Amino acid sequence: MSEKYLPLMATIAVFVILFIAGGLLYPNFFSTLVLGNILGDNAFIIIAAIGTTFVIISGGIDLSIGSMIGFVGVVMANLDSAGWHPLASAALMIVFGAGYGTLVGFIIDFCEIQPFIITLAGLFLLRGMCFMINLDAVPIKNPFVLEFSDMGIPLFGGGWLSSSAIVMLVALVVAVIIAHWTEFGSAVYAIGGDAQSAKLMGVPMRKTTLKIYALSGTYSALGGVVYALYTSSGYPLAGSGLELVAIASVVLGGTLLTGGVGFVAGTVFGGMILGLIATLINFNGSLNGAWIMISGGLLLFIFIVMHRFLVGSLKFRAGS
Amino acid sequence: MSAIIELSGISKQFPGVRALDNVEFSVEPGETHALMGENGAGKSTLIKVMTGALQPDGGTIRLAGKEIRPESPGAARAAGIGAVYQEVNLIPTMSVTKNLTLGRLPRKFGLIDWSAARAIAKAKLARLGVDIDVERPVGSYSVAIQQLIAIARALEDDARVLVLDEPTASLDANETERLFEIIRDLKARGLGIVFISHFIDQVYRISDRITVLRNGRRVAVGTVEEIPSLKLVSLMIGRELEHVEHQRPSTETVTSSKPILTAKSVGRRRLLEPFELDLRPGEVVGLAGLLGSGRTETAKLVFGAIRHDSGEIAIDGHPSSSHSPKSSLMAGITFCPEDRKSEGIVPELSVRENIILALQSKRGWLHLLSRKEQERLTAEMIAALNIATPDAEKPVGQLSGGNQQKVLLARSLVSNPRVLILDEPTRGIDVGAHAEIVTLIRQLAAKGMALLVASSELDELLTVSHRIEVMRDRRMVGEISGAEATREKIIQTIAAAS
Amino acid sequence: MSTPTPGTPASPKPAAEQAQPSALKALLRHRLVWPILALVLVLIVDAIISPGFFQIRIVQGRLFGNLIDILYRGMPPAMIALGMAVVISTKGIDLSVGSIIAVTGAVMAWRIHEGDSHYVILLTALCVGLACGLWNGFLVSVLEIQPIIATLILMVSGRGIGLMINLLYGGTNPSFTSPLLQGLSTGNLGLVPTRLVVGAVMIVLVWLLVRRTAFGLFLESVGGNAKSAWLSGVSSRLILLSAYLISGLMTAVAAIILTADTHTSDPVTSGLYSELDAILAVVIGGGSLAGGRIYLDGTIIGVLVIQALTTSILTSGLPPEYNLVVKAVVVLIVLLLQSANTRAAVVSLLARRKG
C-alpha cells in the first residue's frame, strides 16, 4: 500500500477505536442510533470542512467558514420572515457563497494577498454583516423546516440517517468526484504540490484558484443552510470558531496543511472523530466543555506528530 | 530548408533593463540549436517568450511559417513547443501518470478515465525508452528519471520544438549520454531542439548551430564549425578570455606543514564510507567523482553540516566533540554550498546582510557589528570579488546566479576563515565569473588558507588542486597528487575502483 | 561583470527634470506610506465627524481624550502584535495568543485566590506566557511542525485549560481584586496611564533586542532561508524557539493588563480574535506572512490603525454593530492598496477615464 494512504487509514482506525471504546464504556453507545446522530449533528460542519479540504490541498486556507455559516443563517431567517420559502433562500445563499468565494479567489490570485489574510478579513466582514442585520436569534417558522428534520432514512438497529446527514453524504460524493475524476481536481493537487511547477505545466492558475475558493464558499454556504434548517433559526453568533473545527477535521482526516496531499473522504472521518469525542464526553454527564476542547487539542497534537513522521519520511524521499 | 520556428525582431523591456533587443532566432527541423550567453544575456527571457511564459513587447514568432502568439506555457505546448527547465518542473507529490497527463487528461462520460491516462503516460515514457511504475509519486524517482519524465511531458504527440534549458546540470556522465541519445533520436524524427548549457564541450557534442546572445542582443549565429570554442567564449563575454593558467600548483611547500583539520576514519552509515583527510594551510584539496559519488556529502561532513557517526574530526590536533556548522565556524572553517537557492542565499535580505551573516553569527547575537563596519566590509567584498550589484542594500534574490555565488563566497571570506570548503563553486555561473573564481581559489591558497573544493568539472579541479581525492559510490577510492594528476588518471581511478 | 556597453549612453537625463516625480515615486513606494496614510485618513474622518476628537483634557490629574484612549486600548494588542511580528518574521505564525491570554488570566485569578504575593503572581503570569511559548516553540523548532498547525493545538485546547483551572477552585468566572495589578492596568503615573509606560518600556526592549543586537538579523535570516542561516552558524532552532518565547511573553504582558482591567478570568471570551487583530496589524505594517522581514514601526502603526477605527466608530455614534464591518472594509482597502497589481489596475482605470 502506498504511504499516502497511511494517514487516512490512521484516521479511520482512530474513529473505529473511539467508537468501540465508547461501546465498551456505555451500553447504549454502540448503536446505529448514536452513529446516525453523530452524522446528523455534525453534518453542517463536515460539509463546510469538505469544501475547506480543497482549499487546504491547494496549499491555502479558509478562515471565513464559521462566519459564513452564521451569515447564511441570519439571512435565511430574515428572508423567512419576509415570506421566502427556505429552499429559495437556501438557493440564493448557495449562489452567494459561490460568488463570495470567487471574489476571495480573485483577490488572492490578482492582488497576491495571502489566503490567510484575505479570508481573515472575510471572517470579520461576514460576522459584522450578521450583527448589522440582527443582534438576536430569529426563528425560521416555515413548516418546511419541520418537514426537513422529519425526513430521513431509517437504518437497521433503530438508527436514523437524518436529512442533514443525507445532504452531507451527497455533498461528499460530489466532492470525491470533483477531487479525483476531474481535471480541476488534479489541478488542485498540482497547485498544492508545487505552485511554480504547476504554473509552468500549464495549470490555469487563476481559473483554478477562483474555482477552489468558489467551491469552498459554496460548501460553507451549504453548511450554513443545513445548520439553519437543523436549528430552525438564524443567530448572528452562530458558527463562531467553526473555522477551527473545520480545519481540525481536515487535519485529522489526513490532509497535509502543506498542501498537495489529502483526501476528501478523510475529512468526513476527521469531523466524525471530533463529533464522537463530544458525544462521548456528553455521555459522561460529569465531564464538561473544557474537556472537549482539551481532548480535541490532544488528539490534534497526536495526529499532527504522527503526520509529521509518516509524511516526513515520504517528503524526505521526494525531496532528495 | 525552412525554419520550424522563427523569432524575429523580439524585444522585451523590464523596468530598468532591456532584456531583449530586436533578437532573431530560428531553428530548423532536425536541428539542435544551442543558445549561448552569459547570465543576464537574455537566454531565459528569450525562452520564456518562445514558450509563452512572457509576452514580448515587439517582434513575431512563426511556427512552421504561421505566426503564433502563445499566451501561456500551456498554449505554447499545445501549439507544439515544449520546454524542460533546469529545475525539474514536476509536482513531486503527484503520481507520474498525473504529472504526464495533467492538462489533457482523457475523459469518459465527462470524468477522467484513469486507465486511459495510465496508458498515455506509459506510451509517452516508452517513446524515450523509459519503463517505470507510473503510479508512484514523481518525487520517489531520481533526478535523472525526473528529467526524462519532464521531457516526456513536454513532448506532445505533434511536438515540433523542444527547449532544453540546462538539462544536464544535475546529470552524471552516463545519464547525460542517455539524454543525448534521446535528443539525437528526436532530431531524427524532425524535431527542432533548442539546447542551453554551460558545459561548452556538451554544446559541441550535440549541437548543429549556435546563437550567441550578449546584453539582450544577438551577437553571432553560425554552425559549430564556424564558431569554435575560443571564439564562442570571447563572443559570450565580449572580451578576450584571460588565459587561465593551466599550470599546476607546486606541492612541496605545503605537505610539510601541520594540518588544520584532520579527519580520521570519519564516516556515516549508509551515506559515506569512513575516510581520511588532512587539510593543510596553503593547500587546495580537490574532491572528484561522478554525481552521487559522495562529493557533496564529504564536504558537508567535514564542515559539520552532516553529522558523522564514526571516526573523529580534529582541529589543530584537538578532537572536535560536537562538530556542527556553528563549531566549525568558530574554529575558522566556512562552507559554500552547492545549492545556492535552497542552502545558500537568503533572498529577501540585502547583499550586506547576506555577506555579514556568518561573521555576525561567529561574533554572537549580542555583539552586533556596527552599521559602519558592516558597510565597510561589504564594500570591500563587492570590490574584491567584483560583485555586480547597484548597491549593498539590493536583495540578493534579485542578483544573477554568478553574483549570488560571489556573495556566498564573500560571506565565507569576510569571516576570515582558515579553512574554506567549496562545493561546486562554479556551477551554473558564466565563463567570466568562472575564471575569476578559479583565480581567487589560487590566491587564497597562496595566502595560506586551506581549501577543500568539490567539483564535477575535472579541468577546474586539475587547475586548482594540489591533491585530488577521488570518490566513487560514497567511498574515497584514491588520492592523486602533484604531477601525476591528469584527466585520464582521475577517470582511470574512478573506473578501476570496483 | 557589467561591462560598459558603448551603444547605450548611460548618462542620465538632467537631474532636476526627474527629481520630483521620482522622489514622489520613492515616497509612494516606501513601505510605511499606506499604513500611515490609512491612519491619517481615519483620524481626518474622525475630526470631521466629531469636532472635539483631538481634544486632550486633564481630568483628576490624568490625561483624557480620544487619542489617549486609542493608545490606552491599543496597548495590549500592540504587545501581542509585536510578539507576532517577531514570529511572523521567522515565517511562522502564532494562532494561540488568544488562548495564552485565557490561560494566563486563569492562572492569575487562581493564584490570587490562593493568596500568593502579587509580585509573585506577576512573575507567575509571565512564566505562564513563556511556558506556552516554549510549548509552541518546541513543536515548531524541535518537532519541525508547521507553525500554523503547531500553534493551532494550543489555540484549540488553551481555553479548555483555562476553564479547567477556574473549575479547580469552584468558580466559572472568578473575580478578584489586586491593587498592584490593577494599578498597572488602569492606574496612572503622573498624567500618563501606567499601561502606556509599561507598553513604551516593552516596545523599547523589543526594539533594542531586534535592532541593537544581531537577533533581528538572525530572525530574518531564519525566516528567509533557515537552511542557509544554519549553515552560516546561526542556531536556527534556538532562534525559532526564542521567537515563540517572545510571543508568549509579550502576550502574557497583554494578558496581565487585560485580566487586571476586567478583574476576572473569563477563558471563553478573553482575548477572543486577538490573534487575528495582531496578524492584521503586522500585515498592515508591511510584514509578509512569507517571513524574512520584521517591521516594528509598521506593526505599531498597524495596531493604531485598527484601534483608531474601533475608537472612531464608538465616538461617531454609529451602532457598535458596524464595528466589525468597517474594520474589515478598511483593512481590505489597506491590503488591496499594498498590492502592486491592484494599484496598477486602479491607475490604468483612472487613466482610461481621463483619456
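Letters A, B and C name the chains as they come in the text, with residue numbers starting at 1 for each one.
The criterion applied here is as follows: a contact is a pair of C-beta atoms (placed from the backbone, for glycine too) under 8 Å apart; a residue touches a chain by one contact, two chains touch by 3 or more.
This one's a predicted model, so the numbers in the text were calculated from it and none came from an experiment.
*Asks:* Just say which it is for the chain contacts: an open line, a closed ring, a star, complete, or other.
*Replies:* complete
*Asks:* State the pair of chains with the top count of C-beta pairs in contact.
*Replies:* Top-ranked chain pair by contact count is A-C.
*Asks:* Go ahead and note the Å separation of the Cα centroids belonging to chain A and chain C.
*Replies:* Comparing mean C-alpha positions, chain C is 30 Å from chain A.
*Asks:* In whole angstrom, how far does the Cα centroid of chain B sit from the Cα centroid of chain C?
*Replies:* Chain centres of chain B and chain C, defined by C-alpha means, are spaced 42 Å apart.
*Asks:* Which integer distance in Å separates the CA centroid of chain A from that of chain B?
*Replies:* Computed value for the inter-centroid distance: 45 Å.
*Asks:* Would you mind writing out the residues of chain A in touch with chain B in their complex?
*Replies:* 2, 4, 177, 180-183, 186-187, 189-190, 192-194, 196-204, 260-261, 314-315, 317-319
*Asks:* Mind pulling up the chain C residues that touch chain B in the complex?
*Replies:* 1-3, 5, 8, 212-215, 217-218, 220-221, 224-225, 227-235, 292-293
*Asks:* Note which residues of chain A are touching chain C in the complex, please.
*Replies:* 61, 63, 107, 110-114, 116-118, 120-125, 127-129, 131-132, 135, 244, 247-248, 251, 257-258, 288-294, 296-298, 300-301, 304-305, 308, 312
*Asks:* In their shared complex, at which residues does chain C touch chain A?
*Replies:* So the residues of chain C in touch with chain A come to 93, 139, 143-146, 148-150, 152-161, 163-164, 167, 276, 279-280, 283, 288-290, 321-329, 331-332, 335-336, 339-342, 345.
*Asks:* In their complex, what parts of chain B are in touch with chain A?
*Replies:* Counting only chain B, the residues touching chain A are 53, 72-75, 77, 83, 85, 89-94, 98-99, 102-103, 105, 111-112, 114, 135-140, 153.
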